[in-house]
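Just below is one structure, and these are the notes that go with it.
We call the chains A, B, C and D, going by the order they appear; numbering starts again at 1 in every chain.
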Amino acid sequence: MKIGVFKFSSCDGCQLAFFDIAPEIINSEYIEISYFLEATSFNIYDRFDVAFVEGSISTREEEERIKDIRDRSKIVVAIGACAVSGGIQSARNFGNFEEIYSFTYRENYFKDINPLSKPISDFVSVDYTVRGCPVNAEEIIEIITSLLLNKTPHINESPVCIECKRKSIPCLLVMGSPCLGPITVDGCGALCPSLNRGCYGCFGPIKGANFESLRDLFKERGFNFEELIKTGFNAYNPYFRGVIWR
Amino acid sequence: MERYILTIDQLEELYSIIKDEYKLISPTLKDGVIQYSQNIDFKDLPFGYTQMESAGFYTVKTTDDCYFSYIRPYNSLKQFLRPPKVNFMTVRRIDNNLTFEYHLKYEKYAFFDVRRCDLKALYILDKVFIENKYPDIQYKTVRENMFIVGVNCLKASDVCFCESMDINFEEGYGADIFITEIDKNFLVEVLTEKGKNFLNKIKLKKQQSMNLNKKEEVIEKFKTTIKKKLNTENLKDILYSKIDSPYWEELGKRCLSCTSCTQVCPTCFCFDIREENSLDMKVSERYFVWDSCFNQTFATVHKFNLREKISHRYRQWLMHKMAYWQDQFGTFGCIGCGRCITWCPVKIDIQIETQKLRDL
Amino acid sequence: MILQNPYCLINGKVIKVKRENYNTVSVWIRSDIKPENGQYVIFYGFGRGEAPITVASYNDGISLHTIRIVGDVTGYFNRISEGDDIYLRGPYGNSWDLMEFEGRQIIIISGGLGIAATRWLMEEAIQNRDRFKEVISLYGVKSVDDLLYREEYENWSSKIRFSVIVQNPSEAWSKDVGLITDLIEKVKIDKDCGVFICGPDPMVKAVVNQLYNIGVDKSNIKVSLERHMKCSVGTCGHCMFGPFFVCKDGPVFRFSDIDHFFDKKGV
Amino acid sequence: MEIKLNPLTRVEGEGRVIVSIKDGKVNDVFLNIFEPPRFFEGILVGKNYDVAPDITARICGICPIAYQMSSVQAFESAFGIDIPKEIEDLRRLFYYGEWIQSHTLHIFFLHLPDFFNLPSIFEVNKINPEIVKIAFNLKRFSSKLIEIIGGRVSHPVTAAVGGFYKTPEENNLKEILKDINLVLEDTVKAIDYVSRLNFPDYSIENVLFVSLKDGDNYPILKGDIYSSDGLTIKKEEFLEYFNEYEVPHSTAKFSVKKDGKHYIVGPIARFNNTFDKLLPLVRETAKKYSITPPIYNPYRSILIRLIEILDCLYRSKSLIENYRRIDKATVDFEVKAGVGVGVSEAPRGILWHRYVISETGRILEANIIPPTSQNQYIMESDVKRKLLEVKEDEIRERVLEAEKSIRNYDPCISCATHFLKVDKLYLNNR
């Protein structure tokens, strides 16, 4: 299986999952990494069985490039909050771009940056998504092994809450702190709650979750629902659009 | 039945003898909640603490009127009898031949301080996993090798409604010994041979005639603290007739489908089977993982979820606990422990909702 | 200890494979299972998991299974061939009880893949033909391409009343065109007949209504249902349908028992 | 004519070399970074202070802890919070985990293949699986260390202003002690092995070495800023002496000392400035392999990184041995308006944060200077030295060498939040 690992606007954190599983990759006769700029100097940009794409689309050049990658790949997997939702950089989508720009740069040297940072699914069709900021390497393994077996990968669709209960972690909402667990896809293993902080949603929203009810609860408790989502790395996720952001 | 009166020091001795022989699980205060945990020292039992619980609310405070001042812990025994994730089988592939290795990993557990609701929950789980044409060996093995110290509750919380759910305060529900705290001493009733053997190890004086009435008093006094009541008369048929009620939609609007209620419930048993494969395609590990009827993938047929709406899923949960279960196993699936009420972030209260549905 | 484990898989050998149509294969497997008519087994595919599959026929240590390749586990049967090892457990569930209706008219109604669950029933009825007043078997499919067991039709037709109806007209089909309910209309049905149905839920609903209107008692109608299953022994909860575990209380149900829950969305 | 060469490989982030040709020869060279800017400083404005550690962590997936440490310390200094020693020790330990992790990644996965002229670690594995095994051991160990303290390796979640959301259980942390001797041995083996490799003859000229000085510690968590021309300043004074500027011709913000001198940060700078702060045992080992300051050959930075790993491992060992869990993971504090500066030594060098905060704890202004933009100048000048005057038909050959010299600095392009020009990417293969 020919794998390509690609990077768009991102922190490189998700690609690192491939370094985590490098020992297994080295030992597997089925996997061939044919394009992975961060790992190798020998890259063949040709056709791919699977393209793992990290990063959001935030320039016109990236729009072109993701389309080209789609054309060359049988399967496209979006990995990480950047690729799936637009990432933390999509926080700018909710503000004034010129202003945000000017907070970072004095000069105006470039014209090519899009005001909005968007998920790759806004531009091309995506076969599978692996959520998280960063992704969990185990889910990458599940994707690869499933594709090798020609079966559907098992990707979590249950909320963080289920993992909290499995681990006997007391519910933070009940104990009085804000937590996005009920509307956030598990995959981290209830990491933040296990470390005594509310989930900030880095794995992103569950499709069809009851956002309204949680919003009401936040309001009742005096927590700021919208703000927590906006700093949660998945604010621009398609599931939020049209529901939370009307 | 043998009865003894123990002082707190003797209780501690009993505790340590059990601990020597078994993997001991007992309640303790951890992460701000009282929960069952392994390897707890006697001094770390939550004596003198009590919970304040109500729908979507939990806090712990101190009180000093007795030792067993708290109520049942946050988690339940299913955490140990059928843990959240169990690797039950390893499949290896060599060329195209498969070999199977079945795992039976179990501990010799003792549970110190199990309340009657949780004991009854085990009775209910037994019906699922043991009284089955194909008994679950994992569960059965743990169950047959465990030792249970039951404790009578002294006070109910605002979410407890065990009395409504057919609990029998006379019954030992399979505990090996049962403890009732009476005026800071402990009446120990020995219910099984196993229990007898243990108590023979500490030198104790047999209890004479006195405390039996006292025990009744304690239980009667406890019962007066149960505020929550559910009318269960003819409940199954009434609920069956409400299956089309528009009220389910109302509940669907509030419920987060977060699965919490099912996971904290001591009798909810649903699980999923998952495969985890190695990248070299040679090994596939198979797991039991706790599942929940609130999960969107729970009832999919051909990738289409039969319980598409949250209201469908909430109905499944409540109907199962309060009605279906009776057809399936001859009991309610709910023992009235109130955990699902406390731990529902949006304060959905199964007792209130069931009552509402029946009154509708 | 291990022998008691309900998840123990046993080994079977593929004796014969036959491609039925574009997405369905029939496989004959020799194994130690001893199924009853109407029961199902669980097949395992390495790394993929398990899927419940009906025993479509059984004879002398060899069972027949007809599998529609729709997903992960069934996908495994795409590549299977004679002589392959296969791993399974079972049999599970209850069975059809043909003899309940001894001396009466028997009607077997199958829709689509449902015929996999009624084939053995037909075979049994044919064997015991003289113990029933009449045996009628009606089979409906969407299009000609979906037809299963075509080589058997002639044999069956010669022994019982067997008719097929196809929903989408096509040049390759010269016989009845329409819905299964159209076929039912054409036969004379005794009020006290025994009915066996297996097919998609909407079909079951339509057929039951039709028969009920004719005066057939719902307690004389038996259906075989399909749900998501994992453990198949009534412990994982996935197949729950109202108060029933389809895996162990079914797959065969007396319709009068499930009437209250059938066709309620999301039950 | 301008030629854009292929994207740089085995670096973190996206960049490339552009050469301009005149009369058939290279007459200018730029380091062009086309990693799109993600506007962190802009995004932070208006946000509550407590999300800054998590947001800035996302600047870089390889050194998130560095970002978390610089930013929590910036707010702590704004709010006037004193951090108890126990928490500071735990932070150091946490940070050592990241240094080991990040250095391991760079040494073995990114840098080492160059010494064999191989494209990647996968090929190195074929000729020397031993050294690759060491890499995986180190990686596994550091991952475990970070995970125990921070929950996960990349973008851990426990760092908070005032301390930690939760501190690790003693026995969890102590458990990794059983692996530490193995990785210590491994590291020495790696030093022995790598020191015998062939290092090209090269030395950097006319640059200052800038790093932190923190008492008797080898600098990591905090300290004053020290420059090898003798200057020592407080972290708050950084902008008075150093200047970040934007360049129109290409790439990211550059940094110079205001007196016009160029400088570098990172392992070489730290090593040359504070060799005497390494543990005596580590210094001995370094001397044994003739790794002694001053080092001007950037190719030898790989050895410095290994030495730093060794130092981190020994220090981690004693921190873990002495670790006692404290009940209260964070100190109490009050949010107030002010300006806060935080600086720490990221694996790649000085990482400086400055925030202006409102009374309610909202961020009014944010400025982050990552190590890579400070090293831009030297990287570009090294490439220039390699490529200037090269004939047009030899460029492709020579650029490989140039790329290697960039890798010496372990550039972390994602880190440099301030990149400007975005160019079309040429995707033809090499």
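One rule holds for everything that comes next: a residue touches a chain if its C-beta (ideal position, glycine included) is under 8 Å from a C-beta of that chain, and two chains touch if they have at least 3 such contacts.
Every value quoted in this text rests on a predicted model; they were computed, and no experiment measured them.
> By C-alpha centroids, what is the most central chain here?
A
> If you count the contact pairs for each chain pair, which pair has the most?
A-D
> Taking the mean of the C-alpha atoms as each chain's centre, how many Å separate chain C from chain D?
65
> Counting in whole Å, what is the centre-to-centre distance of chain B and chain C, each centre being its mean C-alpha position?
Centre separation, chain B to chain C: 39 Å.
> Per the centroid of Cα atoms for each chain, what is the distance between chain B and chain D, given in Å?
51
> Counting in whole Å, what is the centre-to-centre distance of chain A and chain B, each centre being its mean C-alpha position?
Going by mean C-alpha positions, chain A sits 37 Å from chain B.
> Scan chain D for residues touching two or more other chains and write them down.
Within chain D, no residue touches at least two other chains.
> Provide the list of chain A residues touching at least two other chains, using ranges where the numbers run on.
Counting only residues that touch two or more other chains, chain A contributes 25, 145, 149, 196.
> Give the residues of chain C touching no fewer than two other chains, as numbers and ranges.
46-48, 71
> Can you name every pair of chains that touch?
A-B, A-C, A-D, B-C
> Name, in rising order, each residue of chain A that touches chain B in their complex.
21, 24-25, 27-31, 138, 141-142, 144-146, 148-149, 154, 157-159, 161-162, 164-171, 173-175, 181-183, 196, 206-210, 212-214, 216-217
> What residues of chain A sit close enough to touch chain C in their complex?
Against chain C, chain A makes touches at 145, 149-152.
> Could you please specify the touching residues of chain B with respect to chain C in the complex?
Touch list, chain B to chain C: 88-89, 91, 93, 96-98, 100, 102, 104, 128-129, 132-137, 240, 243-244, 269-273, 275, 277, 281, 284, 286, 291, 293, 298-303, 306-309, 311-313, 315-316, 320, 323-328.
> Along chain C, where are the residues that touch chain B in the complex?
Interface residues on chain C, with respect to chain B: 1-2, 4-9, 46-50, 70-71, 84-85, 87, 226-228, 230-231, 233-238, 240, 242-245, 248, 260-261, 264-267.
> Enumerate the contact residues on chain B facing chain A in the complex.
Touching chain A: residues 31-33, 35-36, 56-59, 74-75, 79, 84-85, 253-260, 263-264, 274-281, 290, 292, 295-297, 310, 342-343, 345-346 of chain B.
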